[in-house]
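Each in structure tokens, the structures are laid out below.
In the two complexes below, chain A is the common chain; its partner is chain B in one and chain C in the other.
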Partner chain A sequence: MSELRRAWLITRKDLRLEFRTGGRLLSMIAFVVLAGFLFAFALDHNLVPGRDVAAALIWLVILFASTAGAGRIFDAEEEEGAFRHLLLTPVSRPAVFLGKTMANLIVIWLVTALTFISLTAFLDVRDQGSLTAHAAVLLPGTIGLAATGTFFGRMSRHSSLGDTLLPVLTFPLLVPVIYLGATSTARVLLERPWTEISGSVRLLWAFAVGSVFIGAALFRHLTDE
Partner chain B sequence: MSTRARIAGLALVTAGVATILVTHWMMAFWVPSEAAQGVVQRIFYVHVPAAWTTFLAVGIVALASAVHLWLEDERADAAAVAAAEGALIFGAIMLITGPLWGRIAWGTYWTWEPRLTLTLLLWFTYLGYFLIRGSVADPRRGKRFAAVVAIVGSLNIPLIHVSVEMFRSLHPGPVVIKPEGPTLHADMLATLLTSLAGFTLLFLGLFTFRYAVERLRRRPLPAAAGEAGEALI
Partner chain C sequence: MTLVGRGLVCSYGPTRALDGVDIVAGGGEIVAVVGPNGAGKTTLLRALSGERRPDRGDVLLDGSPVSGADPGWRGRVGLVSHRTGLYRKLTVAENLTFFAALHRISDARHAVARSLETVGVATLAKTRVEALSRGQAQRVALARSLLHDPGILFLDEPFTGLDPAAAAALESTLRARRAAGGVIILVTHELRRCLGLADRVVVLQRGHKVYDGETGSADAADLLRFFTATSSDAS
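The block that comes next holds the complex of A and B.
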């Protein structure tokens, strides 16, 4: 059985657990809807039109929701001691990391779709630009978020600071993703030509591929018992 | 602490402090003022050596952390933690002196240009290094996690270096290490090099002391001391 197939089995197991229990997903969904709702009230629409800040708020909500949920991917297994058993199976550490990252990524995609719908609706963004262009920006950005969140989420599970530590570790590294993602999404919303966006998307892909490879290479050091 | 470490640390710190005092005399009475910026340019003689020392310390942390992950060598971890404290302190000096100069030269304390932003992020990563290290119950695991954070954080350094050339940047470019040679006035170059030597010696002295203390802290207590402790309890 190939490593990718093993990683996919871990993803399926995690997603099945996620959808059966639903706690993490439900709290992330509630967070993004309520955040969009609150932003709509916090903005003075006469001074700052929602459209002007929509891209930044979309990316910040995705970042906060994914960070809040990222560390939880290890919770159920950690409490039951199942993660140790997972490590005893003949699955390589990079495959475990890839499996966990993919599960996180699929959850983040659901949250991203909901964030996009709720924020464009609440902030009254009428022309939303091309859906394909949005997907082309969000795909590498969310891969970077999922890989970084999964990697440092594993660390924060063992820290007495718990969830408060995760933003300290991940936010400094995720600044490029937020900057490139938000500026690209803003341009897609304004229907600017793709040539203005393609450079940032290439950098987002570089970050995504780099974070997956570095995470897979170093994950062994976070799991050695 | 061994006598050798004590003598080496004391000699390096004394030499470093003396050289920094000489640099301050040169800054105040000897070096000419830069024509365009005037007196404020003298912050350069503190800011640049602080930045150099920070990156030297970060390099030591990354190297020692990689060795620790590879060989699980306690000495490498002690060296990493000693250098990381230096990176945090000298990094703070760099991040304070930069905005003081920027307020006069650029008209603002801070601007979100790439080199400043990436350097601030590097400093936050090292803050995370100490947080993860101190908050994990199993010390062996805490050291390993901190080493991983240090290695990931150090990937930022090449980006900081090339950011001035890659992006439009307000930050001044290099004036010493250039293919055509330094483009700095000879007296300014002498002051800068003296300051660089002073900061480096001070860092190496503090590093030597801190490393020796860290090794001492990890040394198991002699049996007699342990028994005495138990008797007290």
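The block that comes next holds the complex of A and C.
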């Protein structure tokens, strides 16, 4: 059995636990909907059209929700000490990282879809541009968020500061994702030509691939004593 | 099959949890490691199983060094600890099938059924772990550790919280594994139980091995007195 297959087993197990427990996903969904609701009241729509700020707010909400969720990625593993037993199986550390990242990514995708729907509705953004183009921007961006969140979610477990440490570690690293993602999404909302966006998307892919490979390579330092 | 820990040293910051401990465990033998809290029992088990890389010293299987970094080694060991290591929201069968797949067991369903049968909890396959009693969950944890038929079994305080029936079932399974030629290393603070179950007993105190002998030849009363004295001393 390949390591990819084992990674998928971990993903499937994590998703099954996620949907049975529901706590992490529900709290992320609640955050997303409430954030959209509050933004609708916080903005003076006569002075600032929702479309002008939607891209930035979408990416910030995805960032905050995914960071809040990242702190709980390893909850089920720690509850009864299952992670110790998982690490004693012949599965490689990169496969464990990949499996956890994929599960985190799927949850982030659900949250991202809801964020997009919620914010465009609350901010009254009627012309949303091409959904395919939005997906092409959001896909690499969320992969970067998922890989970074999984890695630092594990690291924060080892710190006495716990989840408090997570945003301190991740936010500076994620500045490129937020900048490239928000500016690209803004252009898609304004229906600008793809040539204006493709360069940023390529950089988002570079960040995504880099964070997955670096996370997988370094993950053993967070698991092996 | 012989498992040897040679000159094992492990430290946590400035605290030396193990200080040059040697231990040998042969096939068909249960070795009990006892000692007061903080003696280094769990650290010794983690070093032997490969969960923790010793700062110094080696772990050898039949003379060849082994390490937790080697997936082949991890596939040969089983672990039962006082925490069950099971996912509470999954059923017993889902838990075991997951671990069986990670161990590359080809007929996972059959292996799970056989393992649950061995520890006498086959009827619980479809029950979620969160609905199990402590004793049932611990038996399932034992079934999980036996799934891949490991040659070496590590047990870290496995009797914690078990009722007499569950403890007897666990002892019975361990005796069967011993008869099958497995290496069993049992960490416990229950000296009375281990004298009845183990073939040899190793006593640790503050990271040092202070006794290593066969339980049959050991004067149980002296050992109990010694253990009580070291416990009082430690506290």
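The definition used in the following text is that the second predicted complex is superposed on the first by the 225 of 225 C-alpha atoms of A that agree within 3 Å, B and C clash if a C-alpha of one lies under 4 Å from a C-alpha of the other, contacts with A are read in each partner's own complex, and residues count from 1 in each chain.
To be clear about the criterion, contacts are C-beta pairs under 8 Å (C-beta built on N, C-alpha and C of every residue); 3 or more make two chains touch, one makes a residue touch a chain.
Here the structure is a predicted model, which is why all the values come from computation and not from measurement.
Asker: Overlay done on chain A, so just call it for chain B and chain C: clash or fit.
Answerer: In the arrangement built by aligning on chain A, the partners chain C and chain B fit side by side.
Asker: By the touch definition at the top of the document, which applies to A:Asp224: first (chain B), second (chain C), both, or neither?
Answerer: both
Asker: Mind telling me which of the two, chain B or chain C, contacts the most residues of chain A?
Answerer: The partner that reaches more residues of chain A in the superposed model: C.
Asker: Please work out whether A:Gly81 is in contact with chain B alone, chain C alone, both, or neither, and reply first, second, both or neither.
Answerer: second
Asker: Between chain B (first) and chain C (second), which, if any, makes contact with A:Ile214: first, second, both or neither?
Answerer: After superposing on A, A:Ile214 lies in contact with chain B but is clear of chain C.
Asker: Just chain B (first), just chain C (second), both, or neither: which does A:Leu161 touch?
Answerer: first
Asker: Is A:Val175 touching anything from chain B or chain C once the two structures are fitted on A? First, second, both or neither.
Answerer: first
Asker: Of the partners chain B and chain C, which touch A:Pro90 in the superposed model: first, second, both, neither?
Answerer: The second partner, chain C, only.
Asker: Who does A:Thr132 touch here: chain B (first), chain C (second), both, or neither?
Answerer: Neither partner.
Asker: What is the minimum C-alpha distance, in Å, between chain B and chain C after the two complexes are superposed on chain A?
Answerer: 5
Asker: Identify the overlap between the chain B-contacting and the chain C-contacting residues of chain A.
Answerer: 224
Asker: Looking at the complex, which residues from chain A come into contact with chain C?
Answerer: Against chain C, chain A makes touches at 1, 6, 9, 13, 16-17, 20-21, 76, 79-82, 84-92, 224-225.
Asker: Under the stated contact criterion, what part of chain B meets chain A in this complex?
Answerer: 69, 117, 121-122, 124-125, 127-128, 131-132, 135-138, 141, 144-145, 147-149, 151-152, 155
Asker: Which chain A residues qualify as touching chain B in the complex?
Answerer: Spelled out, the residues of chain A in touch with chain B are 155, 158-161, 165, 168-169, 171-173, 175, 214, 218, 221-222, 224.
Asker: Where on chain C does chain A make contact in their complex?
Answerer: So the residues of chain C in touch with chain A come to 46, 49-53, 68-69, 71-72, 74-75, 77, 79, 81, 83-90, 94, 98-99, 101-104, 129, 144.
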